[in-house]
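The block underneath contains the structure these notes are about, expressed in structure tokens.
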């Protein structure tokens, strides 16, 4: 798995790439919680995720809940088919704010 | 493994593609001996071979020897790195006629 | 009636080994005739089962060993996962209520959703635990 | 001194299974630190050893089972290949003279060229045969 972070004016992007499994989901979790500790809204880009297991999903849930508590925005962007089918199985596709693109997020955020 | 055969005026080309291993080398052998039975010279194209084991190499040796007995030409063309390192290990790179391209073969054949 | 053993593998109970196991299961499932989508789901379930052994049965002890066996019983894939950890509390093995959102508690839900049959139990003489999962593929 | 078990797999003695075994060995060798070129050579040798079990020890009997164990002993990869066929004639296991060109007789040559150490023998009580191969990788 690769993690890259990009700071925008109003939010931070964390892009996860590759297989988000038990061997690396703690890293994803740390990055996610790190951004939220810095009091920034967060979009997690899942476009390049080829596999995600329940530990990766748990990191997203934790991010979502932490953001909520701190009244920060949290969303998923460009969710790959592989990731979406796992979110659906967990019935989280109805819980997470999911955006096709950053533009879509920015429009809705206005 | 994929086998494709192309008839030229003076020779036939058999192109092997993928992994030439014990599960499919009998098919390669049959194709090779089939062409030689038809009294045609044969070039085996190994450009797209990603793996070859000793059973695949044995089919080439058998083709080479059969062609020799029948006074037909037999050569290898565009040998991939993967195939070449196995031929070298078998010290067959000095035995088989090896050509970079069909043009090279045709020039030498004149 | 023929049961075909596809493989039986033993590997250390480490998260780093799971990627390899996923590949092995995916390829074997596809060779047994699963489409890519079905094999992805099967891989997810088997991966979750292995994760649970690593995290809960062995509680992170990387000296633990996991055995995974995969069989094809006439169009039904059988998985048998064995650990040699202390006998687990079988009654604790259940997913969270999906409406009660919290991190975790999804693995057993994934397994139950994906597999047709699951059976978990203790090995003889307190030697460990097993999980058997069956998935019809044709 | 630590010996790390990487995996132990049992699989049917069929040519169709070899592709999967090659993938497993390649990935595991690379994770253990081999470069692509070295892992390709190791894969070739292990594949030839499995082929010999399929063709010569089991003589094509696809009900036969092969066990392959891969260990990392501080920078030396150890492979142990076991079959449960009749005890083989150990003196017959040798490559052809490379100058005496004929189809076949290369597998043992590849194994000997690639591996640093090889040891073949019978299991206790005529239960089968083993081949141990060691390759230094660092």
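Order of writing sets the labels: A, B, C and D. Residues in every chain begin at 1.
Here, a residue touches a chain if its C-beta (ideal position, glycine included) is under 8 Å from a C-beta of that chain, and two chains touch if they have at least 3 such contacts.
In this text the structure is predicted, and so the values were computed from the model without any measurement.
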Length of the line joining the C-alpha centres of subunit A and subunit C, rounded to whole Å: 27
Whole-Å gap between the CA centroids of subunit A and subunit B: 52
Residues within subunit B bordering two or more other chains: none
Contacts with two or more other chains, residues of subunit C listed in rising order: 16
Pairwise touch network: line, ring, star, complete, or other: line
Chains touching one another, given as label pairs in label order: A-C, B-D, C-D
In the complex with subunit D, residue positions of subunit C that touch it: 4-12, 16-17, 20, 23-24, 27-28, 31, 65
Footprint of subunit C on subunit A - complex, ascending: 19, 21-23, 51, 53-55, 57-59, 61-62, 65, 82, 85-86, 89-91, 95
Of subunit D, residues touching subunit B in the complex: 15-16, 18-19, 22, 37, 40-41, 44, 47-48, 51, 54-55, 98, 101-104, 106-107, 109-110, 113-114
